[in-house]
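Next come two complexes, and both contain chain A; in the first it sits with chain B, in the second with chain C.
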Partner chain A sequence: MKNIITIILSTLFSLSVCAQQEGDILIKNGTVITITDGVKEQTDVLIRNGKIEEIGENLSASNVKTIDAEGMFVMPGIIDAHSHIALDVVNEATNPVTAEVFVGDGLDPYDVSIYRALAGGVTISHAMHGSANAIGGQCETIKHRYGEVDPEAIRMDGAPRTIKFALGENPMRVHGEGNGIAPATRMGMEQIFRNAFEEGKAYMKAQKDYAAGKADFPPLYNTRSEVMADILKGDIIIHCHSYRADEIYMLLKVLEDYGVKRICFQHVNEGFKVAPELAAYGAHASVFSDWWAYKFEVYYSTAYNAAILAENGVVTSINSDSGELIRHLYHEAAKTQRYGGLSDNEALKLITLNPAIQLGIEDRVGSIEKGKEGDIAIFKNHPLSIYAIPQITIVDGIVRFDINEDNYDMRLDIDPDEKIPTFYETETHSHHGEGDRCMQDVYEFLNHKH
Partner chain B sequence: MNKIYWILVVALFLSCELLGQQVRKSTFEDVLLKNATIVTITNGTIEGDLLIKNGIIAEIGTSLSANGLSEIDCTGKFIYPGFIDGGTQLGLVEISSVSLTRDSDELGDYTPHMQALTAVNPNSVSIPVTRVNGVTTVFSKPTGDLFPGTGAVIDLHGYTPDQMYAGSKAVLMNFPSTGRRGRWDRRSEEDITKDNEKAMKKLKKFWDQAKIYSQINQTGGDYNPQLAAMVPVLKGDAPLMIEVNKKSDILNAIEWVNKQSIKAIFTGVSEGWRVADSLAKYKIPVITGPVLQVPSRASDKYDVSYSNPGKMLKAGVKVAIRTNETENVRNLPFNAGFAAAYGMGIDEALRAITITPAEIFGIADKYGSLEKGKVANLFVCDGDPFETKTQIQHLFIRGWNVPLESRHTLLYDEFLERDPGIKK
Partner chain C sequence: MNNRLIRLLVVCMMPIVSFGQVDYDEIIKATDKVFLKDVIIHDKPGSVIEYGSILVENGMIVQVGKKLTEPDDALILTADSLHVYPAFIDALSHSSIKKKEDGERPKVKFPGSPPDDVAGITPGKSAFDFIDAESSDLISMRELGFGIVHVAPRGRMLPGQTAIISTSGKSKNEILIKENVANYAQLKTSPGVFPATMIGVLTKFRELYKQAEGANQHMVRYSSSPLGLQRPTYSDAITAMIPVTKKQQKVFFKAESAKDVHRVLALKNELGFDLVLTDVKQVYPVVDKVKSSNVPVMISLDLPDKPEDEKKDEEKDEEENLTTEEMKALKERKAKAYQDYVGQVAMLEKAGVNFGFSWIKAKPKKMQEQMQTLIENGLSENAAIKGLTTVPAQLLGISDIAGTAEKGKLANLIISTAPIFEKDSKIKFMLVDGEVFEYEIKKKKKKTEDGEAIDIAGTYTYEISQFGASGSLIVSKEEDDYKVVLTDADDGSELEAKNITRDGNSMSFDLKVEEDGFSMDVSVNLDFSEDDFEGSVNTDFGAAPIEGSKVDPN
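== the complex of A and B ==
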């Protein structure tokens, strides 16, 4: 036992983790890619108490850790609008509608994937419920404060609430094929949403009637209806797993009928086919750079999706949905230059400001601006170059990854029974079948049933 | 009349559908590529011209004359040999989650007689998607149990497997592993050891049978397709490509290979960096990858997969790179680019997807570099082909001038400015 404590403590020490969550740092002479205000050569960025205090030339500050970024590129911390890292559980696959559950109840700050994401310049990710249900659980926006061991410490306090919806094959397979209940089709999907919104509406009305003295009793408190009502009120942003144009269009219609405005479609491989409609509705799109053909509903898709969406005026981001891709989102964003010729700034927006907008945190992060939070990624070589190598990643003014202080084993938690660290054979297609994090915890559930 | 009308309508509808999915025909022509920076791989970089004649690189030099042939001005552009992916399921799998479109994995533990070349679909939608990124040649391989089948090197152009076959095959073997098959694998350590011992016994039994078969086969005897497929390996005519990844498994595989007199290639080799010296000592060529994958252990440094090819190369191992992909084999240059950035260097990473795999597959006399007399598999681009933003501008496979079209580009053309747009 003593040994374990020593190991943990020494690991923590080696990470130079402080109890505080905000720090002071001066980054000197970098090429600063602000995203919102151009690229500034030989420029300094001063972070104090976790916030960007100043951007300019020849800044100085006493008693502040200084990083020499001469010849380096300094960009805002990368934001991933779709991930499943740092989660103990992903799917509550027991019902087509489980709006009441919340992945934030099962955060895992020990997940080494957080560190690996930091090593790719990613400072914030949207830890999402899976796609087993039409209406899945609520998600959590986390800050990659790796080294903190309290689950509370990785939440991004004040970030808007979000919820996972899912269309198409996954909920149809789990519930239609697996359980013999609707939705088995994309027609059934629509009715699941309409019924859920109607329940929320009725619940709100009953609450209102009671408050106005028109009813003797309030409605029986119901966690699911509470969440549906909050969506109707606009307090929760919907992030909807989707692929085909028809199902995307269907959900737009449903949301229009119920007056729900805040929607970000996730994956949305055929979003390019309804890009004008998405833009007109103000819907957002968070896409893969190039994943396709791993199932039928993504067979008619294109790596030019992000470029078409962006050119049509849809707020678009590139996400990972994978512990692998999250390590090089800067490269995934660069693919929009091969497939669609986006400019450097447009491409970088897809992994900074745009995902921030989609998560409702654009006032706090997503660009290097005075007053924003001190989330920074420093690269050797331009981040969109194939030769880019992340050097230092800073969250709230605290260095959480430094390539020069990268120890061999960065785990925070070591199983004392594990004599040799477990080796996993490569899963050839980690985004398919049983390796699909979006469908994690589903197969066990179905297997137990049959 | 009415019937004919409807048939016509349906036929028109179908042909439109097909038009949306098919790319234009390639043209077979002799052509002179003028004023390019020619990255030959084997003979340095030359500023000059390259002549393609009858599907072959007929000449590389300066101030070559077109003599009436068509000419492409490549001023400011680069010519590279087509990239070769040393391990894919391209053409064997169309949509991986739809089982009936998956032809890579036959039932049974011993199926070396399963021929990838039989099931490669020349019209797979993934083939044009792959080649427009400069990948002209791939090793397409069966997957599955102990001996999953025989893979083949194919060029990504042609309408029959024979038109695509690039003249090299290898028999696949999955070396019995002591690793977990995935995070869902909850077997105890003891069970894993037991399963491994069982698998090694199975391997030995089959191998001994194949050796006996190979000997008596010369003098007649009953035909056994499984054992017959092993004969070329045992005679040293075809390589045995062994999938092996974990450090201890690699060491076991080296020991096993040393007891046989066969041509062995190791593939996967994700922990090759831990035993690079042994791989180098026994001169076992390696086709590693994907480079873009998560480390196999939680305790690993974050970049072990990126740096693995470079570390093996520095130890003296012959290293080629594969994607092990199906629909995204197009990411081969990016896998190589990451390997280049994390220690391998650009020149060596280029070799790892050109001449080195050609050498490992025994086809370096025809493939893998820009040299007079080699197959005209090459592309013209506007910059470093590893750089993500670089655009490929001309593509030749066996001298066919291949249009830079795929489902992905066709959908872009159709939907960038959709018509009708938002109006009803």
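== the complex of A and C ==
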């Protein structure tokens, strides 16, 4: 009898975890920027059970929270394809290949950066491993369900698996300079990738041999090889930190050799030099609007990068890689109109549908369409206007940010013993004085070497 | 107004050195029989025998009840109207486990694949090998009411196998009750090598677990029919995890924060091992989840300070006209957070979670006081006692010999002057394995009268609980000048005081704390009485109380 109760309780429990907090909302009379079906004036959007049920005029629904969006702009929730918020750990910097680790094991639902991102209209971010290693850890696509305190509750269930790769100076500095091991050069980088893929191939073969009765035992379980094998099978999308065109082209060749198709280059500052090659391979690009010159390999850059890539047919997005930039991605997207003359819809695609495609979630989010998830950002003034101000941000039909309820202290976890740290202390503690979240945790690692 | 920086600095400079605080610990022994007469026996949770007697023989309880015949060859303890409880059982600590010597960490050519012991992966090591039977820890634990402690080796991710030991006995073999009881695990990283992060630790744990499952299959097949099969050769770490995968051994997994509880529970749900959440400090946000997981929770009594202690700050702020609405809101939130912490154990009781107490991080020195706080905030005394007796006994598989004061069990008893968690209740006797330990009931500390100069030279322990720092403080006098040295340390580093002045029985001095290029001036004021001092540590960021007591020169 006791067992039955336990089973019932645990079933109830797993249900409550699966129920991802979905709500009903009716947004009335907004200017709806659908991304995939033009802009609709004086239009309503009805969300039920977290999904967009209807888009049209004069919609009504009983017992549903209604938002008056008269004079406001209603757009799909912004998606950031490169971020490190809501993570307790960013870099396991001990090895040039750490495909085995998973930042999803270290999610921090309490991180107030989630709330700040919501205040910039961002509903989904790609929480990534850092760029210390040639092959870093697996990443997690998260929904900004701020207010939930269970790490499980901020995962975007069903989103494809992704993994971080990195080219160039960061892995060379950490492993080559830091430890005197490969990769010390860009040549070495290529070999690291090839070795890792070979490892995955050998492991898959050993598994196949066992399945076919050719071996007595399966290979000893190895997480890294499992993950490399999954990349080879096409189950994991690569997101690769990159700057220089020669290296970007090198990785395309390596992936071609191993038959790996799904790749999104991150930062990709010299992407404009190899845009046709990227397009031909079907590779994607996620860039900064105008951020460069923070290390040697990042000097040859242009604010026209996004526009050039997009015009060449590369699926392109604009990302933040920062808890600050994430608050105004709409503004970053607007810069492509000044530098490259993209249309409103092309510019907004860079922060909605395109990042969704890069994360493999475009059938669920990234535009306002019937059946898609109810992730919405409501703006006063057009989101590409310099006067744009996010008003309300909705995730799965639940208001997670409302500018009128933006209280003093929006943190979720208060340590009764803690005094409020100064900005300086917070920054020096978490970043060791460096603004580069991509390299978080690395300095501690390197300091231990001396 | 932040003390994180200082805490960091102070903790780095003065890691913890523990000193046994033994004031009185005399063993009376003439016969193997002990008779407790006319005592109030709380023989098991929820049950009381008023004015009963207990007969102890050969380290066991042989009779409990009313109107027992008083044997003429027993030691009769004068315990009239005192309260008798089964001695406490520590669900997990490092009591008596030797500290690792601080050597240089071995150089590793490839930090991504270090040897297991450098990585902190030693699940096969036995706590028994690290026990110091003469450790003052055991004496302190006994003095606080513990008869049995469950100890884990020190280390990182998988430090090793735990052992159950008695707090009475002269040699390792004498105190050992059970070896290789459970595996101890933490989300603790290994600096400079893999796993250097918490996500690395979780990955490694999973991998090791799955490797152990594979190794077990291989070994089972090989042992039944080795012909034509590859000989199994697996690392110590993999082999040591096999009993965990077969649920023959529990994992006591340390998870301090609610986030860590989520993470460890997710790991358990994925792999399916027998989990005991250990040393949990923040449990209130996860009570429902813990409840439905059916996993026992061992609470760490590292309670936050009561927010009222900040009153002085508030007055100061008002004076400086800095009290804003925002700060008031923050104070309210902190007060609420404090309530969450002190009320969370009562929440566990209400939810019906199986909980006890572990002492990996928190020291049980203030247990009495902390239990009173928990009881004031809704915990029942009965549940508190269960958490210290029957719950750990059952988890450790020693219910047959410990946990209650019933016939046939080990004679591990607390004899206190009042119900154990009542204010001013003191332990008068401890019986452990039938051995009697008597304690002097200290009278309330009397203030040294003005002008009566005392000799303050000597060795003291000190504790700055707000910074989590403690260690030793030595005051010596050379001619007319005092010298004060604070030692504390994972590395035993010393800080020598400057500008020492003495005024009556007060002393003040300055310290310069340096770490990683930061340096901070700290001024300390101490008021000494006969055997103790109390005072404050003042920094640019705020003040913290410091207290200490003289170490018995013997």
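Going forward, the second predicted complex is superposed on the first by the 416 of 450 C-alpha atoms of A that agree within 3 Å, B and C clash if a C-alpha of one lies under 4 Å from a C-alpha of the other, contacts with A are read in each partner's own complex, and residues count from 1 in each chain.
Simple rule for what comes next: a contact is a pair of C-beta atoms (placed from the backbone, for glycine too) under 8 Å apart; a residue touches a chain by one contact, two chains touch by 3 or more.
Quick caveat: nothing in here was measured; it's all calculated off a predicted structure.
By the document's definition of touching, of the two partners only chain B reaches A:Arg327; chain C does not.
Once the two complexes are overlaid on the shared chain, A:Glu277 sits against chain B while remaining clear of chain C.
In the superposition on chain A, A:Arg116 makes contact with chain B only, while chain C stays out of contact range. Contacts of A:Asp409 after superposition on the shared chain: both chain B and chain C are touched.
Of the two partner chains placed by the overlay, neither chain B nor chain C lies in contact with A:Ser62. Of the two partner chains placed around the shared chain by superposition, chain B is the only one that A:Lys295 touches, whereas chain C remains out of contact. Chain A residues 408-409, 421-422, 425, 429 lie at the interface with chain B in one structure and with chain C in the other. Of all residues in chain A, those touching chain C in their complex are 6, 9-10, 12-13, 88-89, 91-98, 100-103, 105-106, 108-110, 137, 149-152, 179, 181, 216-218, 220-223, 407-409, 413-422, 425, 429, 441, 444-445, 448-449. Interface residues of chain B facing chain A in the complex, by the touch rule stated above, are 94-98, 125-126, 133, 143, 177-185, 245-247, 268, 270-271, 290, 292-303, 324, 326-328, 330-331, 334, 337-338, 340-342, 384, 386-391, 407-409, 411-412, 415-416, 418, 421-422.
On chain C, the positions that touch chain A within their shared complex are 1-5, 109-113, 191-200, 202-203, 206-207, 210-211, 213-215, 217-218, 221, 228-230, 258-259, 262-263, 266, 285-286, 288-289, 292-294, 304-305, 307, 325-326, 329-330, 333-338, 341, 466, 541-542. Chain contact summary for the complex, chain A toward chain B: residues 112, 115-116, 119, 272-273, 275-277, 279-280, 290-296, 299-304, 307-308, 311, 323-324, 327-328, 331, 334-335, 337-340, 381, 384-389, 406, 408-411, 421-430, 432-435, 443.
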